[in-house]
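The chains carry the letters A, B and C, assigned in the order they are written, with residues numbered from 1 in each.
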Amino acid sequence: MGRYVIRRLLQMIPVFIGSTFLIFVMVYALGDPVAALFGDRAPDPATAARIRRELYLDQPLWKQYGHYMAQIFQGDFGTAFNGQPVLELMAAAFPVTLRLTLIAIAFELLAGIALGVAGGLRRGRAVDTGLLVLTLIVISVPTFVTGYLLQFLFGVKWGLVRPSVSTDATFQELLLPGLVLALVSLAYVTRLTRTSVAENVRGDYVRTAIAKGLPRRRVVVRHLLRNSLIPVVTFIGTDIGALMGGAIVTERIFNIHGVGFQLYQGILRNNAPTVVGFVTVLVIVFLLANLAVDLLYAVLDPRIRYA
Amino acid sequence: MRGAAYARWAVCVTVVALAATACGGSTGSSGGGGGGGGGVLSSSWGDPQNPLEPANTNEVQGGKVLDMIFRGLKRYDPDTGQAKDMVAESVSTNDSQHFTVKIKKGWKFSNGEKITAASFVDAWNYGANLDNAQKNAYFFEYIEGYDAVHPEQGKPTAKTLSGLKVKDDRTFTVTLRQKFSTWPDTLGYNAFAPLPRAFYDDHAAWVKKPVGNGPYRVESYDKGSVMKLRKWSGYQGPDRAKNDGVDLKVYTDNNAAYTDLLSGNLDLVDDIPASQLKNVKTDLGKRYINQPAGIIQTLAFPFYDPQWGQGKEDLRKGISRAIDREQITKQIFASTRTPATDWTSPVLGKDGGYKKDICGDACVYDPKAAKKLIEGAGGLPGGKIQLTSNVDTGSHRQWLDAVCNSINNALGKRKACTVNPVGTFADYRNKIADQSMPGPFRAGWQMDYPLIQNFLQPLYYTNASSNDGKWSNRTFDDLVDKANAENDTKKAVTTFQDAEKVLAEQMPAIPLWYQNGTAGYASRLSDVKLNPFSVPVYDQITVG
Amino acid sequence: MPDGPGPQQPESPPPEPRDPASQRPEPQRPGPQRPGSQPPGAQPPDPRRPVAPTAGGAAADLAMDEGAALELPYGGTPGGPVGRPRSLWSDAWRELRRNPVFLVSALLILFLVVISLWPQLIVSTDPLACDLGKSQQGSEPGHPFGYDTQGCDVYARTVYGARASVTVGICATLGVALLGGIAGGLAGFFGGWADAVLSRTADVFFGIPVVLGGLVFLSVVTGTTVWPVVGFIVLLGWPQIARIARGAVLTAKEADYVQAARALGAGNTRLLLRHVAPNAVAPVIVVATIALGTYIALEATLSFLGVGLRPPTVSWGIDISNAAPQIRNAPHMLLWPAGALSLTVLAFIMLGDAVRDALDPRLR
C-alpha cells in the first residue's frame, strides 16, 4: 500500500507540471494585462513598463513560468493586481467554496440515494420510469438556466430564501446555490444508485436475507444499501474536485465570493497570478481526491489490494 | 462488510457537519437593512482594481471610496458639478501658469495629523514619481519638472517636481509647463488628495486600512467582500455625514445586488441592471433614481485603416444616421440613456459648454438619408461593418446587437453589420493598443472632472491618451490649444465649442447616447442622490 | 452471510493482486473510476463501476460510466458472448427496433437534422429580421412564440438555432471520438511509454475545469463560425473517449481470437484494424452519443459566459444566455430555446441509453 501511494504521488508530478504549464500558457496567451489597468486610457509607457517589470511580465514565457513555480515552492503564490497576496484571496475563497461543495454533496447523498433506492427497488415501474425521465431532464438543462430560474422563483417571487449570498456566506444562504450546483450530479447519483440497487436486489445474499425472515426494511438498509453505496460514495469523493472548479456559473449568479468568483475576476483582468494559483490548487485537490478515492475503494472492497 | 460501514460513516459525517453549522449559523442574517445597526446603510460595490492609493485609483469603484475618505483642495458640487474650494482657501494666479495655493486652517487627518502644504506637495511628488508606478501619474504632467521625475525612458533623475514649492505651513506654489487656465478646476480629482505621513511610513498598513481626511473613516476593510466606513466625528468640512456609516458590499453581478435590494438585504444599489429596468418602477416606485451623468458612449473609427479613415466623412455620417438612437435608448435601456447630439455631456450645463445639436442632422436617425450617404461614399468597405466591444460588462452586447440591426434595417441587408464581441476588457484594450480594430469600436468616456476640455482633449487631440482611433486634425488641435491658453473661462468654453464643431464636420466618432446614473434604494433611506459622476452622495443620505 | 465477497456479480473472477512490476507500466488507476485503464484480469467485481467526475461535468461522467459497462461482453465476463462482432451488432439492431425509447429519440433526432439542414421547411420568417419596436412582446398571429429583446421572431430563431447547436454537437462528438478513439486505441494496443505519455497527458487535460478552460481558450481563439467552439470541446473532451477506447482495446486484445490471429502471424496493423478495433468500437459509440447531448448544453454555458458562438450565427445557446436574465420580463424568450435545447439533449441521451441497453446482453 505504501509503495503504491508513493508511486501514485510520483506520477502526479508530471501531471501537476503539465496542468500548471498549460494554464500558464493559456493565461499568457490572453495577452498583456497592463493595458486594462489604465481603463479607457492608453497607458503611459513609462509607468506600464515599470509595472510589467514588477510583475515579471517583461521576461520570456518559460522564464516567467520557472519564476512562478520557484515562488510557489517557497509558499508564495504572488500578488493580485489590487495588491493583495493570492494566498489571502485563497484563504478567503476556499472555505466558502468548500461549504458550498459540502452542501451540494449533502444534497447529492440524501436526495440522490433516496430517489435512487426508490427507483431501483421498483425497476421498470412508473416510479422508476418517471425518475429516469426526470434525471434526464435535469441533466439536459444548463446550470445557469436552473440557477436563474430557482433564484427568481424561490428568492424573488416567493421570497422563501435570500436571492443572493452575503459576504458571510452562511450555510442557510448557501442552500439554494448548493442545490443548483448539485442538481446535475444529483441526477447522476440517482441513476448510479438505481442501477446498483436494481442489480444487487437480485443478489443471492439478499435472497438469503429475505429467506431468513428478516424484515424488509432491515434487508434494504443493512444488506442492500450497504453494498449498493460503494460506487456512490466513491463517486462523491471524486466529485469534490469537479464541483469546486465547476462553480463559476453558480457563484456568479448568486454572488458567492468563492473560488469561481476569484477565477472569473482573474480571467477578466488577465490576472495570471490569481488564475494560475487557484487552478494549481484545484489541480492538487483533483489529483489528491482521485488518489483518495482509489485508496478508499480498496478499503471498502477487501478484494482489491494494492501492492 | 467493512466497506459499507465506512460508506455510512461518510454519509453521516457530512450530514452532521451540515446540520451543526446550519443550526449554528443562524445569527448571520440581519433583518431590515442587512447593514449593521442604527444609521448605517449598506450599498453595492465592485472590487477595486488597484490598491486604494489616490494616485493609483482610476476607476469608479475605488474612486467611490476615495470620495468618502478624502477631501482635496477642491470638490465638485454634488448638484452642479462646479469645482468649489474645500481644503483650499484660495487658488490664485495672474498668468494661468503660476499658481499660489493657500489651505484652510484646522483640517486634520482622521489619525489626528495636521494637514499642511507638505501633505499635498509630498503626495503629488509621490504620485508623479515613476518609481512608485502610479497609474494616475499623468495628472501631474502639466506641472514643471514632470519629465525629470517621470521620464519616458530610463530612471527618474529627480524625486520631486521642481514646479512645487512649499512656502509655509499653509501655502505652496505651483508652476505649470504651459498656460492652463482651468487647471484649478481639475484639482477636485482624487489624484490630488493630500496624504498623511502614515502613508509613507507604513505603506502596507495604510493600504490595508487607508487613512484620509474625509467625512468617513475606514473601520475595517475585508478585501474582496466588504468595507465598513463609519462617520468620522472629528471631520472639519462643511459636508459632515448625515448617517452613522456605510457598509460597501462587493457584488460581482449587479443583478444579484438588485435582487438583494428587493429582498431587503441591501439598502442602496447604484447601478440598476439593464435586464431589470422594465420592472424597476413597479419594484421601487419613487425609490428609483435616473439622472444624467458625465458619461457618453461613442463609436470611434480606426483612422489607421484607410477604409474608414480620412476622406470617408460621408460614410461615417451615413452610419451615424442609420442608428435609431431614440428606439434603442427606449427599448434596450428603458430611457436610462439619452440620445446624444454632441460630444460632451448635459451635466456640463450651458455655461460649462454643453450645447444641444452641435452634431446637427448627422445625429438624427434617417434610414433613407443614411443609405444614400453610405452608397454615395462607395458603400461599406467590402460590404461589411463589424462593431467591436468588450462584452463582459455593461450590457454592451445588447446595444451592439440593436445598433447592428438598425444599420442592417436601414441598408435593407441582413448580415452587413455584425458584432465582434471581445471576451474581456483587458483583451479589448490590448486590441485597441495594437491598432487592430476591424471597424468602428465602442469608446466610452466617463469624465474625470466636469470640464468641456475633459470631453474633447483626451479623446480627439492628436496622440492624446484616449484617442483610440488615432484621429488627427490640425484645426481641432489649434483650437484646443487656444482655448487652454485663454484666461477668460467663457471665451475658453466658446473656443472649445468651436473645436467641437470640427468633430461635427469630420465625425471621428459617432455620438450614441449620454448615460444616466441609475440607483435604487430601500424605503428606510431618504435624501439619496447621485453626483454628476453617477456616484451616490453618501454623506447626505439619512437613515430611518 | 451478506458479507461474502462479490455479491454484485458472483461469477466474476476475483481480481488478482497487483504486482508493481507487472508487464503493464501503468496500473495507476486501480480504483473503480477509471475502468478503461485496467488490465482485464483485475477488473473490480462491480460492472456498474462509477467513473471519476471529469471536467466535462457529471453528465459526461455518466456517459463514461454507462459506456464503460460495455466492456464486459468482450472478455471481462467469462461465458459472455465473446464472439463474432456481427452477431452482436445485428442482435443490437433487432433489440433497438423494438425499443420505443430508441424509436422516439431517433425520430426526434431525424427531425432535428432535417430542420437543421432546411429550416425553411417549417418557418418562413427570417431569424435576423428584427424590429426593435416589438422588443419582448408576446405572441401574435404569424409569430407564435413572440419576440425577443431585439424584436426578432423567437419561433424563427428557435428553428434556425437548431443548425448551430446540432452542428456543434455532431462535429465536436466526431472530433472527440476520432481523436480520442485513435489516441486511446493506439495507446491501449501498443502499451509501453506511449501509453504512459498518453495517460499523463489525458490527466493534464482532466485537471483543468472545463468552464475555466473555455473562458481562456475561447478568449484567445475567436471567430464567427462554430469551429473555435468545436475545437475547444474536442481539445478538452478527447481524454474521456481516449480512456474508454484504451480500456476497450486492452480488453479486446486479450481475447482468444486475437491471440489466435497473432499466433497465426498477423501483423500489428491487421490485428488492430481487423480484430481489435471492431470489437472495441461499441463503448466509444455509446459514450459519444451521450456526450453529444452534453456538448450541446456546454455550448449554451459558454455563450452565457460570453465566449460561445457569436452573432450573426443563430444558436440556442446565444438566445438562452440572452433570455436567462430577462426571466422576469419575458419568460417566453427563455422557454422556447431552452425547451428545444433540453429536448435535443434528451433525445441524444435517450438514444445513447437505448444503444447501451441494446449492446449490453446482460440486460436482455
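Miscellaneous remarks
One rule holds for everything that comes next: a contact is a pair of C-beta atoms (placed from the backbone, for glycine too) under 8 Å apart; a residue touches a chain by one contact, two chains touch by 3 or more.
The structure displayed is predicted, hence computed values, not measured ones.
Of the two interfaces, B-C and A-C, the higher number of touching C-beta pairs belongs to A-C.
Among the chains, the centre nearest to the mean of all shown protein C-alpha atoms is found for A.
Centres computed as Cα averages put chain A at a distance of 37 Å from chain B. Per-chain CA centroids place chain B at a distance of 47 Å from chain C.
Our note on geometry: chain A versus chain C, Cα centroid distance of 20 Å, whole angstroms. In chain C, the residues touching two or more other chains are 2, 215, 219, 325, 328. For chain A, the set of residues touching two or more other chains reads 30, 156, 226-227, 230, 232, 264, 267, 301-302. In chain B, the residues that touch at least two other chains are 1, 392, 424, 427. On the side of chain C, the complex with chain A involves touching residues 1-2, 4-10, 14-15, 17-20, 28-33, 44-55, 57-59, 61-62, 65, 200-201, 203-213, 215-217, 219-220, 293-294, 297, 300-301, 304-305, 320-321, 324-325, 327-328, 334, 338, 341-346, 349-350. Taken together, the chain C residues at the contact with chain B in this complex read 2-3, 126, 128-133, 135-136, 149-151, 215, 218-219, 222, 224, 306-307, 310-312, 322, 325-326, 328-329. Per the touch definition, chain B reaches chain C in the complex via residues 1, 255, 273, 275-276, 278-279, 324, 327-328, 331-332, 391-392, 397-398, 401-402, 404-406, 408-409, 414-415, 418-424, 427. For chain A in complex with chain C, the touching residues are 3-4, 7-8, 11, 14-15, 18-19, 22-23, 26-27, 29-30, 136-137, 139-145, 148-149, 152, 156, 184-185, 187-188, 191-192, 195-196, 199-200, 203-206, 208-209, 212, 222-223, 226-227, 230-232, 234-235, 238-239, 241-243, 245-246, 248-249, 263-264, 267, 275, 279, 282-283, 286-287, 290, 293-295, 297-298, 301-307. For chain B in complex with chain A, the residues that touch the partner chain are 1-8, 10-11, 14-15, 17-18, 21-22, 25-26, 28-29, 34, 47-51, 58-59, 130-131, 133-135, 137-138, 150-153, 207, 222-226, 249-253, 256-257, 259-260, 262-263, 265, 392, 424-430, 432-433, 443-446, 458, 465-468.
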